[in-house]
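The structures considered in this document are given below.
What follows is a pair of complexes built around chain A, which joins chain B in one and chain C in the other.
Moving on to the complex of A and B:
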């Protein structure tokens, strides 16, 4: 039963992915991307990876959908009709896809008894049996992430920080042009208007 | 009375005002309950930032900026990472290895508890700052 549910969810993923490729309407494609992440989160729940599912649902179908929508507002909602496809591009995509599928052939089947986690049980058994007395939290994922592998999580936090800094340096910095004093926050504001001023009067929408 | 465009979304605004406290509360729950259930700093940061992003979508970016200015976000991004690194440095100063929380308290288990708490808090603060700041920067370029 569990494998059946997982199979159905994974089939949904393939269908949604094909839909995203086929669709010309970018807005619908972004919404489908959110649905893709939510379905993937469901598949993770079925596979008992609750923490991963949580992250996928929050980041994949929440934040990234909104960021994609923000990016969509710079461009048109319709994909440009393509001219003749370059055969080099098609070849590149086919070869990359074939390599990726070839790479999955080495991976153990779901629940396989010969997977690395099963044949080298020392680490998993150690975490399951000892983490309660060594670290404490009942959620072993937290113990592994924050304590046993705290150094890795430090690196991940630095990656998030670096991503934020990169976006700030590309989009959010002051524009230093001679003779032109740009507003501190963002190009969207009119110069000299502080957020407090904006509160007093109704915000003028640009959609009118 | 002049009806300005955002007043057309009255229902959305009222519902948003009702929802936002619960979203923030759930974010805090995920943050501090991560030891016992699924969740942790990363997920909590994302959920907490969702509350501000929702506010920005419904009420307009200018008002959200008045609540939480980009300068505070930049401080948050740095403070979270510094909290994490600082925990590591404190463990070294107390005679342990980097991020070896056992030395943080007399009882190793208490030390682990404090260490995980601070580290997850650092992750949460950084992720919140980065996510909201990403949204600010993307959404504010619309008028260019």
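Moving on to the complex of A and C:
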């Protein structure tokens, strides 16, 4: 029964993803993205990864939807029709996807009896018993994330930091480009402003 | 009994998903996605009781809140065409 529920939820994920690709209405795509995240979070719960499910629901379905809507208020609701799809881009996407799938091949299957967690049961017991005295926090997941696999978490943090720096640099570059001058109805919108302040004011007012 | 409930919920989710993908207007999609989220919440709750872990009810509650926030945000965007920079108020009132 558990496998059936997980399988049906994963099938829903595929259907929603295809719908997001096919739809030309960007607002509908954003709505579908929220449904996608919620379904993925449900699948995570069914697979006993409750902490991942919480993160997915809060970040993917909660704040991402709102951020996408904020981005959508700067642009139009319809996707611009494109005459020629770039074959190079398609090739890159296919190759990247194939590499990612290839990377999962040597992972243990879901619920596999030969996975590392099953073949070394002493490890989980040790974490459960000694993480309190070794690391400190009462939450064992926190101890594992921050201490036992601390280098892994450090790498993840660096990836997130690099992504944030990339976004900031992109926003800063866009700000300095000519043609994107301050609107008339926003006094004090000088070019010396920080990019974070520039985000508060849309370039044009649609309601005047 | 829980199994029957889960199967019924999965069928209902498939139906709402169908409406989401077909839905001629945006309101159809929004309503369908909202009820799809509600069905996800119910599915997690029933699943928790089926597997003997009623603590899943807390997760279901959080999902219900997140679903609500997302729907409110989309509706607000739908009405005012942005997420409330305060500009619309001068014109609307």
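For this structure, a couple of remarks:
Basically, the second predicted complex is superposed on the first by the 128 of 208 C-alpha atoms of A that agree within 3 Å, B and C clash if a C-alpha of one lies under 4 Å from a C-alpha of the other, contacts with A are read in each partner's own complex, and residues count from 1 in each chain.
In this section, a residue touches a chain if its C-beta (ideal position, glycine included) is under 8 Å from a C-beta of that chain, and two chains touch if they have at least 3 such contacts.
As the structure is a computational prediction, the values presented were derived from the model and not from experiment.
Of the two partner chains placed around the shared chain by superposition, chain B and chain C are both touched by A:70. More residues of chain A are in touch with B than with the other of chain B and chain C. Residue contacts after overlaying the shared chain place A:168 against chain B, while chain C stays out of touching range. When the shared chain is aligned, chain C comes close enough to touch A:46, but chain B does not. In the superposition on chain A, no contact is made by A:100 with either chain B or chain C.
In the superposed model, A:14 lies in contact with neither chain B nor chain C. In the superposition on chain A, contact of A:55 is made with chain B only, not with chain C. In the superposed model, A:32 lies in contact with chain C only, and not with chain B.
Of the two partner chains placed by superposition, only chain B is touched by A:150; chain C is not. In the superposed model, A:138 makes contact with chain B only, not with chain C. Residues 50, 53-54, 58, 62, 66, 70, 73, 202, 205-208 of chain A lie in contact with chain B in one complex and with chain C in the other. Against chain A, in their complex, chain B makes its touches with residues 2, 4-7, 30, 34-40, 42-43, 46-47, 49-50, 53, 57, 60-63, 65-66, 69-70, 74, 77-78, 80-81, 84-85, 88, 98-99, 101, 108-109, 112-113, 115-116, 119-120, 122-123, 126-127, 129-131, 133-144. Of all residues in chain C, only 3, 6, 10, 13-14, 17, 20-21, 26, 29-30, 33, 36-37, 40, 43-44, 47, 50-51, 56, 59, 62-63, 66-67, 69-70, 73-74, 77-78, 81-83, 85, 87-88, 90-91 touch chain A in the complex they form. Contact residues on chain A toward chain C in their complex (touch as defined above): 1-2, 5, 8, 12, 15-16, 19, 25, 27-28, 30-32, 34-35, 38-39, 41-42, 45-46, 50, 53-54, 57-58, 61-62, 65-66, 69-70, 72-73, 200-202, 205-208. If you check the complex, the residues on chain A that touch chain B are 50-51, 53-55, 58-59, 62-63, 66-67, 70-71, 73-74, 133-139, 141-143, 145-147, 150-151, 153-154, 156-158, 160-161, 163-165, 167-168, 171-172, 185-189, 195-196, 198-199, 202-208.
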